[in-house]
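What follows are several structures.
Common to both upcoming complexes is subunit A, partnered first by subunit B, then by subunit C.
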Partner chain A sequence: MNLWMRQIAGVLRLEMKKTFLSRRGWWVYFLALGPVFLTLGHWLIEIGTHGSGRHSLGEDSLVFAGLFHFYYLRLGIFFGCVGIFSNLFRGEMLEKTLHYYYLTPLRRELLVAGKYLAGLATALFLFVGSTAVSFLLIGRHFGAGYTDYILHGPGLSQLGSYVLVAALACIGYGAVFLMSGIFFRNPMIPAAVVMVWENLNPFLPTVLKKISVIFYLKNLCPVEIPIPPPFNVMVIDADPTPFWIAVPGLLVLSLILLIYSGLSARHTEISYGE
Partner chain B sequence: MSDNLITFANISRFYGEVLGVNKVSLAIPPGVTSLVGPNGSGKTTLMNLMTGLIRPSQGEIRVLGMSTEDPAHLCRAVGYCAQFDTYPKGLTGYQFIYSFLRVFGMSHEECDQRTMAALETVGLCDARNRAVAAYSKGMRQRVKLAQATAHEPQVLVLDEPLNGLDPLARAEAIALFEKWGKMGRHVIVSSHILHEVDRISDQVILLSQGYVVAEGQIQSVRGEVKDQPMQILVRCDHPSQLAAQLFQENHLVEAKIHTDGHGLLLRTTDADGFYLLLNRIVIDSGLVVESVAPADDDVNSVYQYLIGGEGSTI
Partner chain C sequence: MAVYKKTYRPYDGALTPSFTRFLVIPRYAFEEMRKSRFLTIFFIASFINPLVCALIIYVQHNASALNLLGVQNAGRLISINTTFFMNFLGWQSMLALFLAAFTGPGQVSPDLANNALSLYLARPFSRVEYVLGKMWILIVLMSLMTWVPGLLLFMLQAYLEQGWTWMQANTSLAVGIFVGSWVWLLILALMALALSAWVKWKPAAGALMFGVFFVAAGFGVAINGVQRTRWGHLLNISALIGSIWVQLFGANPAENNGGMFFRMPQGQELPLWCCWTALGVLCLICLYMLTRKIRGMEVVR
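Our next item is the complex of A and B:
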């Protein structure tokens, strides 16, 4: 392993030791585990009622699609990434510990890379894991029927799509909020701006729609959720971006943001607001 | 430009409208160098500049020939024990030192060996597996010192390194600084415990309000303060007789008999002339002189002379 790889591995190891499943991230774990508890509760209730009022597998699939669109993408992963990634630099500035990194012979670009990978590992573990577990739990009360749906029906492909979208969301939002943590003293301000922009996406003109993360992610989801009335009249339709453009496009966009963050980090100074 | 010096070439640093340091030009040789000045005089700014944590608004800094803009090279040669009493959360003393050594790119074995050696140097081997957050202030200061020195830097920058240490640990730390200085390393120290650091300093840099007021070996700096008569303490058996004879020369400004009756504290405008005169008096009168020593060539006195009232805050 060359020096750069060893240094990035050193940062990754240190960041994971400091932050992975640490107590101060409790609210991020809550965001990730919320749907798991919800789907677990749903399963237990369905078992408890012995199938009375049982709904169809298709309905559960639609419920999960709604949960994924409106909770995971717009709330859980979004704010989870705000909490994880914007604190990678800003949190250390507030705790006055960033200088320890700045006093190692580590190129700042590599520090950004190492911290991003550590944040990404945490985000993927929490949100991709949560998505997969929730998906597996939501139809569990159908027993062998749900197993068959996953193994021999469209279930596995849907699960794969949701996992991929959740991972891409972590990658994209992670890059956005890592950058905001370097540039802004209060990362909640850019987070609020990005959130408003992302949620306005269905109502934006086609050109503006494409300057967002949610537009690409939404098109990759296996089940589409229409905007309910009366808001649906304001929706402006745009041609969905094909898979082969959406996925590399998001990865390239994230890479550009990371490179820009790395170059900007070169010029940052240690000033703990004194 | 020498590769064995830390050089500041006309360095200024402003924090917005506020002056950090202004027009500083220095060439710091190996050995122990003390930065002396009251709060806000620019000591920490100078230290942050030479370790690359902040950039100068103008001018150029070279550390052993390296630019401070290049952390990949600079930080292998520099160790900085900063003033902040803050530590990454959730790490033990061992993990704190070991983990940052891994960021240097060293192997596990080398990091482990250096970590243990650094912990041993500061006497924290037994406490290595306790969380740094659970350490006393003195232990935290020591683990910070160990972390800054674990990679054996050629340049060691220490901002108030004696804070929180008990007298024994302080003496050990000072002995360590002296040892590193004698090994040919640069040891740059700022401390308000002047009389202790003063003893081991090869040179001092006196700062006031962002400007370098004086620099060099403390005796030379004292010698250049011409408008303040030199204080000399003479221990002898008949101080009053000595005083009477010394007053025959007009360069003697003041003489005070020591409270124990066996010494004379003198102020003279011509130290060289005084020493010649003292030799003559001793030979002629047969006085028994135990010792003759300058009484105000320490950092604190020099600072008081140069800066006046402000010096009392250091």
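Our next item is the complex of A and C:
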């Protein structure tokens, strides 16, 4: 067991050196940093205009909820995970370096685990960090009022929920796209299918809703954002999943996908010529 | 002939006329594409919507068919008007985006990744012809999905309505379908080639296509939300295209804000010149990216 842990740590170290903040992933960093710059700009503009009272703190909280639902969950984290996790195996295939790993006395399951953890560390650093910083910046121009909102109001619990949801999204989507990177030559096709499926979620029947990552994540968000008209008439309501089912459920689902990826990786063969 | 006499001799056969030379690239590319089962199925599936629309137009004008279906009042349910054609174009244009994202990245990146560009450019074949040839592949495929069936539907409607009179009264629809499609196709083709030239891994280039389209739109909405403005829509290509379509189709902006997937939210409209300028700037950026990468030689540092 100790050997396994050391081997996973070895793969993790190697992968972090190769991929963490590498130049190739510039667009993933842009996805994560975009909202940070946006909220920073908001803070600076509002300070510049001496907080002309155009909006309230509650409105900013609602705007952040919209930003989180429609940007982070559906686009930023989704595409970020496509970029990070699909690349873990497929990128090595393209660079013709995967066989170096396969020639080492290392179980394939451990290689999958090590690579997943490396991708997860990057994704968590980027997206959870970005979520937290954006949340802290969006209402910064309210000064002491915002500090009070965070420390003595619902701010801290909201921040905790957003951070948790962002982390779970990275875990869930990470497992999905690691698997697609192993199974598909072009991970864009499964990514497009998953994207359509996840975005159709509000309109799906209750049973089908539950076969998606976004369904569990949405229920964990502290502020609900309704679907705008005219699409709201097509929304099918489903009972929200309780916290104690949603979080372990998503973790178990990710674990199952990872185990399946690990077992499948045992039978993979390299053919760089294809 | 003695071996020592076998020196360089230039090709002295007939040359392809210079104005059709760029078509050499699509000729081979189409053969290659036909081998992809996924692409073939996707391409065929993209004609389901035009068929359904043709059926709707036919049923609308066929009283006996309406009676047979027991929906005599269906004529009032779906009107064959600007909204109908714009929605048709919107759906088909979205499929064209998917097609461009799947096929576009494979156009230039293999030539660059394998240093094969010099093999093209060593022949009497210019960079412009190379780009034109590569664009032609996408434009032909996407044209068959967008304006070609659109104009056929237009003609079907004209034939079943009052013929020439209806056509004359609704010229703006045909103009909208044709010009509106070409605006979208040019942007897609340029974007696909530019990303393909800069990102050598095909799936990553495909992801970037989606990224530029969906993430930029989402980011634009985020800008609008956070800064309480409407200028974030300048990043939303679909909203910009929607605004331009409204103009080209001659629709009333108060009643119609674009086609399916390509809408500018009501009340957040941008001046039309801004939409045209934003798309023009996007095209220029793509052209600049292509100019930087499509070269017969590359300095590797």
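The rule is short, and it goes like this: the second predicted complex is superposed on the first by the 271 of 274 C-alpha atoms of A that agree within 3 Å, B and C clash if a C-alpha of one lies under 4 Å from a C-alpha of the other, contacts with A are read in each partner's own complex, and residues count from 1 in each chain.
We take it that contacts are C-beta pairs under 8 Å (C-beta built on N, C-alpha and C of every residue); 3 or more make two chains touch, one makes a residue touch a chain.
Only a predicted model underlies this, so the values are computations on that prediction, with no experimental measurement involved.
Per the definitions stated earlier, placing subunit B and subunit C onto a shared subunit A by superposition produces no clash, and the two fit side by side. Once the two complexes are overlaid on the shared chain, A:Leu106 sits against subunit B while remaining clear of subunit C.
When both complexes are overlaid on chain A, the residue A:Leu117 reaches neither subunit B nor subunit C.
When the two structures are aligned on the shared chain, A:Asn186 is found in touch with subunit C, with no touch to subunit B.
Vertex at the C-alpha centre of subunit A, arms toward the centres of subunit B and subunit C: the angle is 80 degrees, rounded to a multiple of 10. Once the two complexes are laid over each other on the shared chain, residue contacts for A:Ile150 go to neither subunit B nor subunit C. With both structures placed on the common chain, the touch criterion links A:Leu159 to neither subunit B nor subunit C.
The minimum CA-CA separation between subunit B and subunit C in the overlaid arrangement is 10 Å, rounded to the whole angstrom. On subunit A, the surface touched by subunit B in one complex and the surface touched by subunit C in the other have no residue in common. Subunit C meets subunit A in the complex at residues 38, 98, 101-102, 201-204, 206-208, 210-211, 214-215, 218-219, 221-223, 225-228. Subunit A makes touch with subunit C in their complex at residues 27, 31, 34-35, 38-39, 41-42, 45, 54-55, 63, 66-67, 70-71, 74-76, 79, 82-83, 86-87, 90-91, 94, 138, 186-189, 191-192, 195.
Listed in rising order, the residues of subunit A touching subunit B in the complex are 3, 6-7, 9-11, 13-14, 17-18, 22, 24, 95-97, 99-108, 269-272. By the touch criterion given at the top, residues 15, 48, 51-55, 71-76, 78-80, 82, 84, 86-91, 95, 99-100, 102-105, 147-148 of subunit B touch subunit A in their complex.
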